[in-house]
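The two complexes that follow have chain A in common; it is paired with chain B in the first and with chain C in the second.
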Partner chain A sequence: MSTNTNSAKKSGSKTKSFFKSPARVTLLIAGIFLIISLVEVITGATDISSPGTSGATLRFAIPLLMAGLGGLWAERAGVINIGLEGMMIVGTWTAAWFGYLHGPVIGILAAAFFGLASGFFHAIMTVKIGIDQAVSGLAINLIAAGAARYLSGIFFPPVGGDRTVSPPVDTLPSFSIPIIAPILKSIDEKEIFFVSNIAGLLYGVTKELSVVTVGFLLLVPLTSWILWRSKFGLRMRFSGENPMAAESLGINVYRTRYIAISVSGMLASLGGAYLALVASSVYREGQTAGRGFIGLATVIFGNWKPSGVFAGSILFGFTDAIRVRQAESVTALILAAGFVALLLSIFYTSSRRWKPAASYFTIGLVALWINQSVETIPQEFVTVFPNVATLLVLTFLAQRLTPPAMAGMPYRRGSE
Partner chain B sequence: MTKSRLFWGIVAPTAAILNSLLFVYIILKLRGVEPIEMFKLMISYGFDPRNLVSEINQTVAYYMAGVAAAIGFKMLLFNIGIDGQYRMGAFFGAVVGAAVNLPPVLHVLLIILVAMLAGGVWAAIAGYLKVKRGVNEVISNIMLNFIAAAIIAFLLSPNLLGSLPEGSQNLQTKPIPASGQMPTIKAFEGEIYTFFFIAIVVGVGYWIMLNKTIFGFNLRATGLSFRAARASGVNAPGMIFITTVLSGAIAGLVGIGTLLSDTHSYSMAFPSGYAFTGLALALLGRNHPVGIFFAAFLWSFLERSAPVLEFEGVPPEIVIVMQGTIVLSIVIAYEVVARINLRQQQRAVGSANTENQNSQAEQVKETK
Partner chain C sequence: MSNVLEVVGIEKRYPGVVANKDVSIQIEAGTIHAIIGENGAGKSTLMKTLYGLIKPDAGQIKVFGSEVNLKSPQDAIALGIGMVHQHFKLADNATVLENVILGSEPTRFGFVVKFDEARKKLVEIAENYGLDIDPDEPLSNLGVGERQRVEIAKVLFRGAKILILDEPTAVLVPQEVDELFANLRELVKKGLTVIFISHKLDEVLSIADDITIMRQGTTVATRKPNKTNKKELAELMVGGELPKPKAGELKVSPESILSIKSASYFRADGRQILDDVNLELHGGEIIGLAGVEGNGQSELIELIMGLIQPATGSVEVLGLNAATTLTRDIRNAGVAYIPQDRQRDGLLMTAPLWENRILGHQFAEPMAKSIWVNKGAAIADSKRVVSEFDVRTPGINVLASALSGGNQQKFIVGRELTGDPKLIVAAQPTRGVDVGAQAIIWEHLMQARSKGAGILLISADLEELFSLSDRIAVIYSGKIVSILNPTKTTPEDLGLAMTGAQSA
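Right, the complex of A and B next:
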């Protein structure tokens, strides 16, 4: 019995180190791409790794990433921010209106400022007054949506817009990375198996990059650095894990949370600004379309880590891009997922972990069966993929998740 | 104690409403219109008999959402999934109602039962995840709302359960035959849904269930203290699950009034956003069946009388902002009141303690 558990532990740590070593992760990703290129050859769905798709993936992923990072900042400090959606609306509206008046740069700055203000508002409600965090967030969603519609009705019609649509706004400048992008393009066009696929994918994310995109992507390592390498990050995580102990060690939990939640609002709002100024050039009612909630989902999906949030938003952005560009590719993708699951099952069998091996084997078979029996996956289901994925993660991997212990719990200074 | 509770229960919502009125007053002033005139306009338009009828019908739907949320609140559950549960209820009620042929009253009862079942089953997912997997019900319900909308949008496609009537752009289910429709009461040139009476039954049932049954006692006990209830023999996790399902079942009835008396089929035109409204009404009405009714009426009154502002150059969406501020003000008011009460209790306990000590000291002196 004891040897049995020992070996299980051993193999468990083996798998962990397998996924942890960077070289192997690269190998894994390369393997996945090999499978995808194979699948593309088999099914003829050529759009999965085309530059257009990777570019679109990035465009869809950035707003989710920003909302996700916003959720991460708030939850790490111990407050759940359900108002992300409303804060994104604040961002879209202010970016469009101030962008129309003074140009896109001012638009972005305005979105950052008003986002900060909306986050600060959430902080006053939840930290200072201490009302239920979900009520405050939902009220922010409602008020932001109502205010945006009210203000649109007043400001946009006189300047050539509509009650629901702003006048067109200049977009921010974009650029292609010199030298690298053209080389990748030429490789992509040669259509060499596998190599061209990767080149095409990279070409998609190196051409016509917006300045903001680069800046926003840099926020991922920055957030990581702040959370785990800076004094403020330590205080922030401490406030989220155990505010009472933090307070007893002289950390000002209230102030920490104020700052973190304000930043959270700013990030979500910038995500909204991206929708209005980069992904399109106009404010439109309902533009955010529940992205704030998907941002909330990426936080869970990414296990409350910046890199995880990034991975989650790329995944969800990718499914969005596929849905918009070539809906038939989704079945090809399921085939790829099926192959990956079967490979994982072989991997687990070789390390004698029968239970995961069996479950991955079943998943693989189901995926292959779906691919064989269904023509196209209905759009509606692709749209809610992030929601379903998050529910599944919460249901089956809840033991592996490490949320901040006190996120969502009310905390009053001096109380238990 | 009870007197002060009733007093605060009325003062706090009133203060919240006044507070948001003040807020809207300032906004309207900034817009350059005379706020008092606008309020008068809204009141006279809202109490116009024809509008009153549609307000009452809307109140019934909101009332159901409010009661559904209140059942959850009694258990400290935040049922933000009302949106998905109501959709499931209305959709499957419509589908089953159109598929069967039954005598009049039975047919209606079946539709109502199916709607409650569908809402309850959908809520049961969140309940199961909460009890067995420890998943926060707010997150799971938000996800489930999106999933419910997607499932219904998928099922509404023409080759499945939906159909596209001629001259319409709106996908809908097949119409429910006359035996499954509910009559309306003609009043003020309008028609009041008889579903109104079901709402009364639900409200009374909610009150009796909560205050007069063992189940209601267990529910409140678990809501007040999970551990204490469990220690005294209540199956607390089971109570959480049942409460979630019950809340979902009531949420399934939200759209039934419109379905049975007006549209007779489910379509994509059924509005969304009932979840937050329900929670807001339960908060505003302090989870009391009568309080929720007044809150629901206020909500539908605001919504139906807002369009008149359009003619004065004020976008009617201002009422959405107003509703949001009402909710915020009300929870702030409760929070402040709770803190004042706590402080008073602490002071009372503290002074009792010092009195005790004094008398003890005197006794000691006397014995000496």
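Right, the complex of A and C next:
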């Protein structure tokens, strides 16, 4: 135990000293953009930092973000929510159907309500009855998918004999941020190296913003605030870290988990609502396409922190956007990844940590080799890219992750 | 001086066991009051009663002069009684401050935690009582001694005036013990009262103002440390007379079936658990291993069963090197193992008895037939065990969890003694079983001995050790401190050896 703590101490302080300093983080991000700008010049794949890509990234990222935040809420309270995918389906269907009947605002509210209910169901299963958390989550995924198909058949008017698509729903209002967006646009069009790349990227995320997008993005700082500043958050975290300790101090772990898991369901369902109402304007069967599971991966990627979940969903959203918009960009990205790996290798060499230096050097060389020797990346690889990226990230980060200690463990009141 | 806490005639019974009876203690304000006793002497039951976790069947508790009725730990906390648990209740992935304030957070509007105010209060407490802790340190960075200070701070943060420390030194290294004692002295200097549970005589004599001794569920005496000595305390703890050994014909075979030579073992965190252990067991004899729990017994058993490897030295079981032999092969060579935690290591609680009968014998005839389990043989032999060992069960198809503890234990002993094993490692074979079951288990162990098996008996029950053992080895902080002859040993010798006083 204490060896663990010692190693945690060492690695913890090292990562902190590097990543906690804001100046360095800014420098790091700027460096990455510099590399991307360079790569764009070298390869001519100009789409990586175009406003279209950044806008698409955001649209792809929001559902993942919501699923991820949902997963975060549940796991911080100590219950793993495999049912995120099913809860997103609940959101897509209810948002579309109630949106069609009563307008998109009611659609969003309905998705929130039914998501809350699906989360509450998961809480009853796992907290009260004590069913295995994975089993309950899988059951929710299966039930939601089946119920959505069944209810579509009953309620949706047939569109050319197809009952898997809902009637279209009115769109929600969107806006461009005044003053800033036009300025960014003009800079982007001037095509200045590096500066325009950044401007283009920012322009993509400031124009035609849906109010829903803005609202959902605000949930990231809100979740952080709840977790680390509020009484409920403190108790929720201890319910996930050491429920026995929490219970011994008079905290109602069951109630805390009920609330957290219900909110988890609501967030995932709202992510589904985004897919149906903002990213498109209909419910379509299979619309969630495994985003609940990628959302779960962002929780791990983000080390169970809201900001990390945000970063993870942006990364996965970005790979998605690239896949959809311009497959050639993947080759360029591999080149960029190669450069980053080589830079990291230099960084580790300078601090005399030979092992990571050597492995990053190898990765860099392999990436450059792939870039040089492969003409076009096969479409299959591009499709699977987000999953591979997840796998790689998790492999490299696994040593430093600090998951809630009791997440996924069954807990009965009064146990020691 | 006034009594802050007074316990009069507390009694607590469980079905078949009296955990506490006639327990009476007076604790003066501003003192460190130690409560000592062996395992099972009733210390923990008493502490749980004082902390509101257990409701006594009879007796009175007076706190600050007035009689109280403690229904829950919250009641105890409200009266100013705080408990520092032996097993820390802390979360690694949070800061010291968060761990301390959890459950009694100062808030604004009922939901925003006023961290600044809480930090100020904690720093004040830490300075006032000389506790060296940093509120913003992540708990994962802290060592055991510091974690204990956090637990103490947690109790003080809730305004405790009486602190109960349940075997606080059990987890500490000597240097940390010194720090803890300095902290405790500081606490009583500021007017708090400390109740200190221990079974280490040296420690108690050095820190306590009063010492109350418990034995077999009752308080037997209270002494001042300057008017007593280790000898007297050991005698009071163990009792006036030791059980008489059973006369049994001793036919020790010359061959050694278990030979441990200067074995040592370190835990993953570097703490030494076993230190130069030497033990030689022959066929036909029973060696009892006496010692307060947590002095290396569990690790010694695991070494013998090949579950862990010694850092130095060697463990030879029936001629096999236990460090390099699979546990499966050790068992197949003729080693029976009665684990100390029957529900965790001895049985599959949710499997029927006949399946449990197969456990540990799943690779050998008759329980296995090539790659298949022989269900017929398992059922037949389960029936034999049930009748031979008088296991009270409606049938062999019921789940192990349906049996009472004593019957579970009889079933395990029956299973393990099947096939005349040559070495039997019996850890607490009769813990928590009734007298009838105890007699049956003892009888079968003695029978196995007369058939030539060597038995290593690890027990906290002195009666068991003295009734069965041919020799008694005493283990204290990972060392075999003495080997006693049960017919000639006095309670004093045993008490001194078990509490480590002999070596001093």
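Operating definition for what follows: the second predicted complex is superposed on the first by the 380 of 416 C-alpha atoms of A that agree within 3 Å, B and C clash if a C-alpha of one lies under 4 Å from a C-alpha of the other, contacts with A are read in each partner's own complex, and residues count from 1 in each chain.
In the analysis below, a residue touches a chain if its C-beta (ideal position, glycine included) is under 8 Å from a C-beta of that chain, and two chains touch if they have at least 3 such contacts.
All values reported here derive from a predicted model rather than from experimental measurement.
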item	value
Touched partner set for A:178, first chain B, second chain C, both or neither	neither
First, second, both or neither for A:153, with chain B first and chain C second	first
Chain touching more of chain A, residue-wise (chain B, chain C)	B
Partner chain in contact with A:408 - chain B first, chain C second, else both or neither	first
Partner chain(s) touched by A:244 [first = chain B, second = chain C, both, neither]	second
Touching partner for A:232 - first (chain B), second (chain C), both, neither	second
For the chain A and chain B complex, residues of the former touching the latter	80, 82, 125, 129-132, 134-136, 138-143, 145-147, 149-150, 152-154, 163, 290, 293, 296-297, 300, 378, 380-381, 383-384, 387-388, 390-391, 394-395, 398, 408
Residue ranges of chain B in contact with chain A within the complex	31, 78, 80, 129, 133-136, 138-140, 142-144, 146-147, 149-151, 153-154, 157, 276, 279, 283, 315, 317-321, 323-325, 327-328, 331-332, 335-336
Contact footprint of chain C on chain A as seen in their complex	1-5, 8-9, 12, 229-232, 234-235, 237-238, 241-242, 244-246, 248-251, 402, 404-405, 416
Touching residues on chain C, where the partner in the complex is chain A	73-74, 85, 87, 89-94, 98-99, 101-105, 107, 110-113, 115, 138, 140-144, 268-270
